[in-house]
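Chain nomenclature is as follows: A, B, C, D, E and F, assigned in order of appearance, with residue numbering initiated at 1 for each chain independently.
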Amino acid sequence: MNERYERGLARQRELGGPGPVRARAYDSLDDIAPDLPRLAVEFAYGDIHARPGLDAARRELVVLGALIALGGVEPQLEAHLGTALDAGLEPGEIVEAVLQALPYAGFPRVMAAMGVARKVLGARGLLPVRQVP
Amino acid sequence: MNERYERGLARQRELGGPGPVRARAYDSLDDIAPDLPRLAVEFAYGDIHARPGLDAARRELVVLGALIALGGVEPQLEAHLGTALDAGLEPGEIVEAVLQALPYAGFPRVMAAMGVARKVLGARGLLPVRQVP
Amino acid sequence: MNERYERGLARQRELGGPGPVRARAYDSLDDIAPDLPRLAVEFAYGDIHARPGLDAARRELVVLGALIALGGVEPQLEAHLGTALDAGLEPGEIVEAVLQALPYAGFPRVMAAMGVARKVLGARGLLPVRQVP
Amino acid sequence: MNERYERGLARQRELGGPGPVRARAYDSLDDIAPDLPRLAVEFAYGDIHARPGLDAARRELVVLGALIALGGVEPQLEAHLGTALDAGLEPGEIVEAVLQALPYAGFPRVMAAMGVARKVLGARGLLPVRQVP
Amino acid sequence: MNERYERGLARQRELGGPGPVRARAYDSLDDIAPDLPRLAVEFAYGDIHARPGLDAARRELVVLGALIALGGVEPQLEAHLGTALDAGLEPGEIVEAVLQALPYAGFPRVMAAMGVARKVLGARGLLPVRQVP
Amino acid sequence: MNERYERGLARQRELGGPGPVRARAYDSLDDIAPDLPRLAVEFAYGDIHARPGLDAARRELVVLGALIALGGVEPQLEAHLGTALDAGLEPGEIVEAVLQALPYAGFPRVMAAMGVARKVLGARGLLPVRQVP
């Protein structure tokens, strides 16, 4: 347990813990590549997410934009939509963030991402989302 | 000049005008597809960016994440890094936003994006960026 | 119900209606982002697909090329393969269109797309496809 | 000179020859990988493009959709926009084909592609393109 | 049965046969596009994989890198992870190869690929993988 | 100067130093994000490339596959083609590695990569490459 891992873990806890999606993904790698979840905690959280200079909610907006554009990364999108909520973004703000990717990533990527958002918000009892007028 | 175009144009003006990068890109299409910049103003700004429910700076963070992950979209990245500054993000926050894409989009996409950020900040006399401690 | 939405809806009806894949996708967003299917009808159909200057079947060939290359967009691919048939493309022409993406998008994307084509043609009783000699 | 190569070359000639963009790209590989342009002629043209069952212009529409969505493939886009013209597509139809990718590939990819189309049409004295009303 | 097809088939047999994943994928296209698996054997194996100058195991490392970065190509990744084992790569080497893509393709693509590797190694009774110290 | 940075730097030196392409890229970020090249050395080289269990040449084959498939990452491709040579791959092996990506990443990505390979080999006086018979 090095300092970067500790910092990454602390950051994940601040944001509501790794959460069940990440925990399952991490555990599933135990018998093949236990270094991979360790590297994720150390690098993605310890080295990057825990940096000062931009708050967690705004970091998650960048991550959402990147994941929507990449496509085909549903587990990460599901985990980060949960983190975005834990970092204080409101359901309506998350819907707007996903829509904001439309002109750049196109409808197919955004419709897929909105389906994942629906799953995450539904699991937390946050549906229906009140629409902006 | 329909209502969506007017709303899109007003949104762009709020954010410092279309800016020289966008203006040049739009003008260059005059003799081939003048509808394309019109559609960009109407849809990307009038329909999407001007929606309530998420402020302009946070919308730009989603856009930056998407553009970094897409790759090969330097003109749009240049334009949106300018818009991000005009929407109130500090140079140091923009650097953090670009770094936040690292675990998801990888080093090559992020190094390319940081090069574009350097060009945009340099053109506004905002270099060197004061590093977070 | 604005003019663009009406034009988009009319265009979808000309092409056999939104179809069950699109209808399900649209309906599933009712409690999270009803604006997203509305934007799809307005922009993708009302603003773009309904433009004069290129017939529907040829528009669908561009869309198929783009969706195959994007990858990971099976629901849209399924919907547009149906639209391509409704726009008058023959099953054998659709098979050729998918194969035509091979040198540019590679075997994995094309094999995935052909699997979706098989599902769409099968559901309409159009298998086996008569091969070109 | 095998049969597939001959068929590929014949197909390229039918479509106005390989054209200067492809010829330059092919020649530039002489001292490193002369098999690569040979494979392109054999596979992309001899095996795929020369197949019956879909005419050349419609094949080029699929290719344009794929190249626009891939992004960062300007030399191929330039070559295939020329082939699309040689296969009988009108300048206005090519503009519509590029616009048709907008809802799927997004504005940045389409604006880049339209810039390449402008270069190709300009080099043939086909600008300005008469707009659809 | 032409020479390239024979050479491709021989190459696949050298590498343990097409394997059940490829065989199922190929067979499933019988009633829609039997030319597609034939083209895969001829081009991907007969023209490319069977070339001299780089051994099969090292060819598979390039393929793994490409498939991880593409994303959303699980059937091919599963097939090529099997081929990589058949070509002599050890389970621990395959884990390292997948990890090596991390800085370039990012965590989401690599975590998805590691999940597929786990499935392939598990099916061959090769789990747990002994970790490098 | 932490242990990971030292290990990363040592790894780069083993492989012929960071090389002029990387050095220029790293230096250019001095006034905007000096942490980015530090993170590259620590993570990409110290954490990943320096791991035991797969030799450097084979790691570079994975990296080449990933970079070819990503597209639009010429500076990294140029740097890693140099590293691949420094790790002991022969020019002819590098040409074969690039060709091996063809069935998966398609001709446009591979032709672009071969152009970069030509530049790297030419700068080292390694052209023409002797072709496999």
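Heads up, the rule we're going with is that a contact is a pair of C-beta atoms (placed from the backbone, for glycine too) under 8 Å apart; a residue touches a chain by one contact, two chains touch by 3 or more.
Note that the structure is a prediction, hence the values are computed from the model and not measured.
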{"item": "Touching chain E and also chain F, the following chains", "value": "A, B, C, D"}
{"item": "Far-end chain from chain A, centres as C-alpha averages", "value": "D"}
{"item": "Chain at maximum distance from chain B, centres defined as averaged CA atoms", "value": "E"}
{"item": "Averaged-CA centre spacing for the pair chain E and chain C, given as whole angstrom", "value": "30"}
{"item": "Rounded Å distance between chain C and chain F, as computed from the means of their C-alpha atoms", "value": "39"}
{"item": "Interface hub residues of chain F, defined as touching at least two other chains", "value": "39-40, 43-44, 67, 70-73, 76, 95, 99, 102-108"}
{"item": "Residue numbers on chain D that touch chain F, as the complex places them", "value": "25, 28-36, 39-40, 44, 67, 70-73, 75-76"}
{"item": "Residues of chain C that touch chain B when the two form their complex", "value": "39, 42-43, 47"}
{"item": "Residues on chain B engaged by chain E in the complex (per definition of touch)", "value": "102-108"}
{"item": "Interfacial residue positions of chain E with respect to chain F in the complex", "value": "40, 43-44, 48-49, 51-54, 58-59, 61-70, 73, 76, 92-93, 95-97, 99-105, 132-133"}
{"item": "Residue numbers on chain C that touch chain E, as the complex places them", "value": "71-72, 95, 98-99, 102, 106-112, 114-115, 117-118, 121, 127-129, 131"}
